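The following pair of complexes shares a single chain, chain A, combined with chain B in the former and chain C in the latter.
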Partner chain A sequence: MGIELRRVTKQLGSETHIYETNLVLESGEFNVLLGTTLSGKTTLMRLMAGLERPSSGEVWHNGENVTGLPVQKRNVAMVYQAFVNYPNFTVFDNIASPLRVARVQADEVRRRVEGIAELLKLTPILERLPNELSGGQQQRTALARALVKDAALVLLDEPLANLDYKLREELRDELPKLFQDTGATVVYATSEPLEALMLGGYTATLEQGRVVEYGPTVRLYRSPGSLASARVFSDPPINTAQVEKRGPIFFLTESVHWTAPAGFRDLADGHYTIGVRPHHLTIGGIDQGVVKVRARVLVAEISGSESIVHADVEGNLWVSESHGIHPFEVGDIAELFLHVGRCLYFDNDGSLIGHQADTASRDRPH
Partner chain B sequence: MRTHRWLVPTLYIVFLMLPIYWLLNMSFKTTNEILGTFSLWPLDFTLDNYRKIFTDPTWYNGYLNSITYVVMNTVISVSVALPAAYAFSRYRFLGDKHLFFWLLTNRMAPPAVFALPFFQLYSAIGLFDTHIAVALAHCLFNIPLAVWILEGFMSAVPKELDETAYLDGYSFWRFFVKIFIPTVAAGIGVAAFFCFMYSWVELLLAKTLTSVAAKPIAATMTRTASTAGYELGLLAAAGTLTLVPGAFVIYFVRNYIAKGFALGRV
Partner chain C sequence: MLKTANQKAWYFVVPVVVLVAFNALIPLMTVVNYSVQETFGDNVFFWEGVKWFEEVLNSDRFHDSFLRQLAFTGMILVIEVPLGIGVALSMPRKGPWVSVCLVLMALPLLIPWNVVGAMWNIFALPDIGLLGRSINALGIDYNFTQQPESAWMTTVLMDVWHWTSLVVLLAYAGLCSIPDAYYQAAKIDGASAWSVFWRIQLPKLKRVLTIAILLRFMDSFMIYTEPFVLTGGGPGNTTTFLSIDLVKIALGQFDLGPAAAMSLIYFLVVLLVCWVFYTLMMRHEGQ
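Moving on, here comes the complex of A and B:
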């Protein structure tokens, strides 16, 4: 059953934060809300938690309408981007607080808190106050408090965004494992597509107060149902261009064209939009299933072992991402490999027509 | 230059401490010595002035009266200001900003303006010459001050703390008492300090609204022209003792005050 939003909207004054949304999140699963800042992730979470009331519509939890139920009566836990702990309580008391409010027996409290503390490596600092801890430890404490009460719904609002890189990686690996056996429905908000992919489970892509698409994370990444969804779920941004199909050939321009991949041959002639992820537009690489395009380099940057080139490709401003170091000067002409077999093809209202399943299965994100 | 770095601060502190030293100096002298000779320290050291204050009820009752209404006022002001400041820091309501500013404007009027209405009102309802009369009158100035100070401290606490507590199952009052008040303890300390100090030094209302039963020490001090002439030594001793409670309170909140200054609310 899990959590379910039925025709939920949220307005504040004349501003609409959430347009009518219907969403059923898989229970007992890791659900990611993916969207940029102001896309409505936090508002959706607050609606699910009951911290805010929807302007219209209903929130259902495990087959029960909880729309007007006060937060205290819902079995919900939340972890924020900022590290929120009770500053006057020690780490132990912080973790124990939801249990104590629920009047759990003292020795049971001790047992459960110590168990969670062990899991989150907080045992040596149980007697310290939150202000004496590092950011990572503070967020672990907040996570422990969310875990200890065995909430049916756990909301994690960009919990790793304020942590440094190393800690973020570490906690990100642990998170799905921590919640794996609890049976809780976990909702995790992030603005990073990569993070969604690493956390797995299910993802909802959000754009400007609307849920664009919801489904298993990997499916959503490989074949996003719409251009909008693909845009949200791509970093660097996905490249798009108008193509024309004439007979069995797709034309980007008169000189750049390719034979329609299997499955697209019967498509009616006319204009379509292609979506090309930056790592499907490379400098060199495999020679199969590619079309070579000439590109004028606008910006070239090297991040570690990746080269990112912003270039003008037949009048389109595209981004290319390739392995290895490829130094370019601004204004250079580069030859890029366009992996046409891995492109996403959209019709003119932006919904996905299809993509080549067999090549996609070999397609590893980054 | 380097070797004389201590010079300016030392001079500053000497100038600052001089009147206090002189008061202390006088309090250990006899009135005759004060009037007759110029001496930097008491030549004829005496504790008689203090002895008189601690044994004569007209004197020590002055202190007890003052402390009574000051403590009353501080307790009332802070406990009323706590929920008010919480509302200002957490909720948006119609006219909230205007109301908040209006609170402050209460402090812009001189207390003398309110002396007459308070005097008449309290006389009419039988509150004249009681401790609570002075305590309530001082609330007029101290509650806005306390609300202003506390609002600053409370707004520095993220709203997510409240929400986390509700999600953990805390009721509002349980959260407020067990988590929120300890979190803003520094602010409460600062607000209480300022209420205490203001009420302690305020003279006009305290004098106007009392006659005998609740006469404050400051009023007692202004009536020391006895048949023996001015008792300057006694007056100095009383003055010295008046400084003591303030010094005590400031010692306890000295660390919080710096925090209050950092928030721009003191």
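Moving on, here comes the complex of A and C:
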């Protein structure tokens, strides 16, 4: 049940927009498509909606092959980054429009529109026109149009990207709740890892037209199956470096090394890649399970109660993120704690070797 | 109140003031000067008050050319605006044909007005012109130098050929600025092409169409060169529009007083119509 892409590809001319993709999104779940611009989020959504036909492969919805079915025959709703409403319809008529196309009775339309308007706090502005509304109200109207249809598949394409910070926070909290009881498959595209974490549910990480990984959002963040997935799902970007294992010791350089954590001792000697999330490379903090590294500061920024330092660590350009205010000048030498026990270790094809179970519970997104 | 310490900024405005004075204010005041006085040459003027205005407003000749002008402008607006929107809707939105279409559309706009008049004059001649001969070959008696209906049809056709492109280009620009998401949303709603036009495209084109209609109104209301070259205002007075009439009075008969009064009335009518139209169109616009 839900929406299923079976060996779907999408090509336009000589360009491949989506490489062969298999993806099952369960109904009643909140699914996030996470990836940068041009990673294929929107194309994937258009394929799910039926706005585009896949070049090959099949799209299944609730156990039915809908590959060739035109979009108006499917029960889908979509909300965009731009605030899309009919410009010369009032808010009421805008919300009512999908029902009217479906020829629902007038009193039934009124009942449903008013119910949705109440839920989205649009009741006082039902008689206004879209260009008399704030951005937040316009997007609420667009969301109401999507909700009122009782669509089985709801596609939200970066719906909050054009809103200012406060409205974004507010709507982000409401969104999963709004769709919770509808039983609809909700797909939400975003380019912000933090947004994916806050929305919860399931996440698919996308990179250059490929779905890298799909799974429960928190699991995906804590132990991404591959380096590519970890790269997509990290903000600030994840730090990586080549390390060499010799016996029970990992060497970053000859002078920076640490004993392999439990579970990695039996690993064959050789080269590996470590992934260090910026908040696992800190100024001070706990000194258990850490290795101290010297870093030359390149850029130092303070965002509220966090200090973000871009630094040269043994020839690698790394980012460190720490609690508290730590002022640095460019060129300063800082001593950073590298939390080797919480690093992600990848083999040479970039797949995760394993993540320590005991640290997973303490490891939380900042 | 705060006193501005440095007043030098005013110097920057001087060039604009001088320019406006020379290209608008001084010519306009000359006309005002003529419109309220009588002159017999030698720079001797006699005060006449509003006599010329009364004369012009009460003359049948002015009424006739004013009605002719309204009929002409009305006709070309009714033809050019819907036609322009139609052509813009059928133009491709992407691909190599976009530039071809745009250049083809821009071509008539690049031709000087008197050339357009001369072209259509020859084109429509009943004995040697392609258009004139073809129409006559179909068995329709057509001669724009002798029949008022033929003269009107040719003048309107010429204006439609010359200026529909402007509406097309403006409407096309407006259509291109509608985000794709609107069309997708309409498709998901299951809206028909007809309702996409009425509910999305037309409302979104409102602003550019307001501009297009205003420009076409002003230009056609002041049209001179093309009908002057094509028909010279004839046959008889049947295509003598306001500008042609004005020139006849001012330079043909050298009645400077009535001509000046007519110019001012003409100017005020254009101004008034534009203002009323714009105010009405923009009344329901939000912010």
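As a working rule, the second predicted complex is superposed on the first by the 366 of 366 C-alpha atoms of A that agree within 3 Å, B and C clash if a C-alpha of one lies under 4 Å from a C-alpha of the other, contacts with A are read in each partner's own complex, and residues count from 1 in each chain.
Criterion: a contact is a pair of C-beta atoms (placed from the backbone, for glycine too) under 8 Å apart; a residue touches a chain by one contact, two chains touch by 3 or more.
Source: prediction; values computed, not measured.
Under the clash rule set out above, the superposition-derived model of chain A with chain B and chain C contains a clash between the two partners. By the touch criterion defined above, A:224 lies against neither chain B nor chain C after alignment on the C-alpha atoms of chain A. Using the contact criterion defined above for the overlaid structures, shared-chain residue A:84 touches chain B and also reaches chain C.
When the two structures are aligned on the shared chain, A:341 is found in touch with neither chain B nor chain C. Using the contact criterion defined above for the overlaid structures, shared-chain residue A:278 touches neither chain B nor chain C, since it reaches no partner. Judged by the touch definition given at the top, the superposed model places A:101 against both chain B and chain C. With both structures placed on the common chain, the touch criterion links A:132 to chain C but leaves chain B unconnected.
After superposing the two complexes on chain A, the stretch of chain C that clashes with chain B is 260-268, out of 8-16, 224-232 or 260-268.
Overlap of the chain B and chain C contact sets on chain A: residues 49, 51, 71-72, 76-78, 80, 82, 84, 86-89, 97-98, 101-102.
Those residues of chain B whose C-beta lies close enough to touch chain A in the complex are 158, 160-161, 163-171, 174, 179, 182-183, 185. The touching residues of chain A, counted against chain C in their complex, run 46, 49, 51, 71-72, 76-78, 80-82, 84, 86-89, 97-98, 101-102, 129, 131-132.
Of all the residues in chain A, the ones that touch chain B in their complex are 49, 51, 70-72, 76-78, 80, 82, 84, 86-89, 97-98, 101-102, 142, 145, 149. Those residues of chain C lying in contact with chain A across their complex are 179, 181-182, 184-185, 187-191, 199-200, 203-204, 285-287.
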